[in-house]
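The next block holds one structure in the form of C-alpha cells; read it before the comments.
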Amino acid sequence: MSDTTETTPGWLTSDELELTRARMPILYVEAVPVRVDGSGEVTHVGLLLRIGPDGTVTRTLVAGRVLHHERIRDALLRHLENDLGPVALPQVPASLQPFTVAEYFPTQGVTPFHDPRQHAVALAYVVPVTGDCRPRQDALDLVWFTPQEALSSLVQQEMPGGQGVLLRQALAHVGCLS
Amino acid sequence: MSDTTETTPGWLTSDELELTRARMPILYVEAVPVRVDGSGEVTHVGLLLRIGPDGTVTRTLVAGRVLHHERIRDALLRHLENDLGPVALPQVPASLQPFTVAEYFPTQGVTPFHDPRQHAVALAYVVPVTGDCRPRQDALDLVWFTPQEALSSLVQQEMPGGQGVLLRQALAHVGCLS
Amino acid sequence: MSDTTETTPGWLTSDELELTRARMPILYVEAVPVRVDGSGEVTHVGLLLRIGPDGTVTRTLVAGRVLHHERIRDALLRHLENDLGPVALPQVPASLQPFTVAEYFPTQGVTPFHDPRQHAVALAYVVPVTGDCRPRQDALDLVWFTPQEALSSLVQQEMPGGQGVLLRQALAHVGCLS
Amino acid sequence: MSDTTETTPGWLTSDELELTRARMPILYVEAVPVRVDGSGEVTHVGLLLRIGPDGTVTRTLVAGRVLHHERIRDALLRHLENDLGPVALPQVPASLQPFTVAEYFPTQGVTPFHDPRQHAVALAYVVPVTGDCRPRQDALDLVWFTPQEALSSLVQQEMPGGQGVLLRQALAHVGCLS
C-alpha cells in the first residue's frame, strides 16, 4: 500500500490507528485508473510515480482506507480525487462487486500481497477516468502506460508490496493480456 | 427478446437466419441502460416503450444479436446506438465479464427466459449512459424509472419473455434492492 | 448481522472491540449456504433459525468477523464450521471475488443493510454444502428452503438487518428468480 | 479451441455446421479444471495433453459447443464428462457469471484468441474437480500442474490459439499469480 494512505486522517488518532492496525484487518479500496476507447476497451493504465529519499522509483495504484460510516463508493471517489486531482472525472463502477480482493499481510508469503505496517484487505476496482489527472499529495506524477508496457518486468519491479500482481489481475480481468 | 432484434440485418438472409435459429443457440448481448450519480450509484433505469397493434404496452431492455466477426463490445455499442440514438454516450464496460448470462429457450419453463422464435443466449451488462437518449427503430420512447418503480409489479408485468427477471438481476447486482 | 458473531473471540477484548467498532469499519464475511443438483443449479438455501427470549423468530445467513492475520477463505471456513457443524463439507469458492459487498451501517437508510452495533462491511459468497449440517452455537436449527420459499414475504420478514435483501441478491446471482 | 469439439455431434450435419460457422458466432463453454485444498485455494490446474501426427505437443482446456436447446450448465457438464471421464466429479458453478468471455476470431490479432475454423465465443469457468480424471476422446492424458508451472513459458507455448492467455486470466481470477 502506498504511503499516501497515511496522509488521510480518519476518526482515529495516529496512536489509535497503530493500536488498531495490530489487532484488526483494515479495510481498503484500491483503484486501477484506466483510459478506455469508445468501445470500452482499456488502452492505458495510470500509475502514480513516487521517488524516495534514496532515489528509489516506486509506482502505485490509487489506494486508501475506508473510514467509519463511509460508503465504499464514497471512499473510492475520495481517494481518486485525492490522488488524481479534482478534474480526473473517474467513473466509479455501478456495482460494488470488485474484480478481486487483495489481502495484504504484515508477514511475507501468506499471499502475494505484503504490507509491513498492517493486515489490510483491499476491494479492488478498475476505474475509467476521462478527465485531466493532476496528482496531488506526495505523488510526483501520474504516468500512463499501455497494457503491454505495464506488464513489462521493468514496471512490475517498481511496484511494491504485490501491487504488480494486482495490476496484472486487473489487466487479466479486462482482457488485456497477450 | 425485443422485436428490434429483427430489424438488424446480419450476414444471413431471413431464410438462413430462420434455419439457423432452429439448429443453434444464437448469441445476443443485452444492456440495462442506467443513470448514475457522481459516486456511481444507479438512480434510474431506462426501458424502451413499445405499443403493439392491439394497444399492448411492452417495456424492454436494449438487446440484439452479435454478428459474425463482430466483437462483443462492438455489438453492445451498435445496439445501444441503434436503440438509444447517436448521442446517448453509453459507457461500455471495460471488462467483458457479464453480470449474468440469460438463456432464452423456445420452450417455456426451462429457465425464467422465453423466446418463441429461438434459443438465444444473452450476455447481460449494466451500461451507464450520460447523454441524451432518442430512441430510434420501432420504439416509441425511452422512459427512466427509479429502481423502486422498475421493481414494481406494474412495470414487471409489461416486460415480456423474462426481461423483468433480468432487470431484477441487474438491480440486485448494483445493490438497488430494498 | 447475527448474534453469533459475538461469540467468536478475536484478538480484541470486549472493551477494545466496542471501542474499535465506534471508529472503524469492521470486516465480515457472509455465506449463503446452498444445496445444488448435479449440474450446479441451486435447489435449496439454508437459513439459521433462532428464537429470541420474546419468541421472535429470526432467520440468518452464516456471518462473522475476519480476524487479524486471518485469510478471508479461512474466516469463511471457520464461520461455516462454527454455524453448520464439522461435517457440512462446504465448498469455499476458488475465487475471492464476492457476488456483492454488503455495507451494514449503524444508521438506518444509508444502504439496505443495518447493524445497530457497528459499521460492518461483509464480503458475500454463495457456498454449496454437500454434507450434514448440525448448527452449533446459539442457532436452533438450519432449515432448507427452495428459492421460491426463501423469496416469500414470510421468510423475508424474518430476516433482520437487510439479510433478506442479501439473500435476494444471492438468488439473483445464481439465476433463481422467477 | 481443441479438436475434441469436432467429435461432439450436434443437431447439424457437418456441412451445415461448416456453413453456419462462416456466418454466425458459435457459442462455446470453456472450463479450467482445478484441484483445490480444503479452504478452496487452487493447488493444481489440469491440462489435456495431445500429441499431433508430427509429434507436436499441445495442451488444452476443456472446451466445446453449446447445442440447440441445451443449457449452459448441461453443456459444461457434458464436455467435462467427455474430456475428463465419468468419475471426475466436476463442481459446476452455482452462478453462470463466467470469469471472462473469450472471443476466438478466424482472423489473427483482433483479440488474443484465434480459431482458424470459426468465430467462437466461449463463456469461461473455473471448475474444481475432486474425482479421478480419465481422459477420453482423442486426449492422451490429463496432466496436473501447479499454478507456477502452468504459468511457465514452457507450458504456455504448448497452448494453442490463445488458451495460454485464458489460463492466465483464470489464474489471475483465483488469485494464483506471483
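The chains carry the letters A, B, C and D, assigned in the order they are written, with residues numbered from 1 in each.
Here is the rule we go by: contacts are C-beta pairs under 8 Å (C-beta built on N, C-alpha and C of every residue); 3 or more make two chains touch, one makes a residue touch a chain.
What you see is a predicted model, and the numbers here were worked out from it, not measured in a lab.
Enquirer: Which contact partners do subunit A and subunit B have in common?
Expert: C, D
Enquirer: Given that subunit B and subunit C are copies of one sequence and touch, is their interface built from the same residue numbers on both sides (over half shared) or different ones?
Expert: At the contact between subunit B and subunit C, which are copies of one sequence, the residues are largely the same (over half shared).
Enquirer: How many Å are there between the centre of subunit B and the centre of subunit D, using C-alpha atoms for each centre?
Expert: The answer is 29 Å.
Enquirer: Taking the mean of the CA coordinates per chain, how far is subunit A from subunit D in Å?
Expert: About 33 Å separates the centre of subunit A from that of subunit D.
Enquirer: Return the residues of subunit B touching two or more other chains; collapse runs of consecutive numbers into ranges.
Expert: As it turns out, subunit B has residues touching two or more other chains at 71, 95-97, 99-100, 111, 173, 175.
Enquirer: Provide the residue numbers of subunit C that touch subunit B in the complex, in ascending order.
Expert: Subunit C residues touching subunit B: 100, 111-112, 165, 168-169, 172-173, 175, 177-178.
Enquirer: Which part of subunit D faces subunit C closely enough to touch in the complex?
Expert: Residues in contact with subunit C: 34, 36, 38-42, 71, 73-74, 76-77, 91-97, 99, 126, 128, 173-175.
Enquirer: What does subunit D use to touch subunit B in their complex?
Expert: 10-12, 16, 20, 22-27, 66-72, 95-101, 103, 105-107, 110-111, 119, 121, 123
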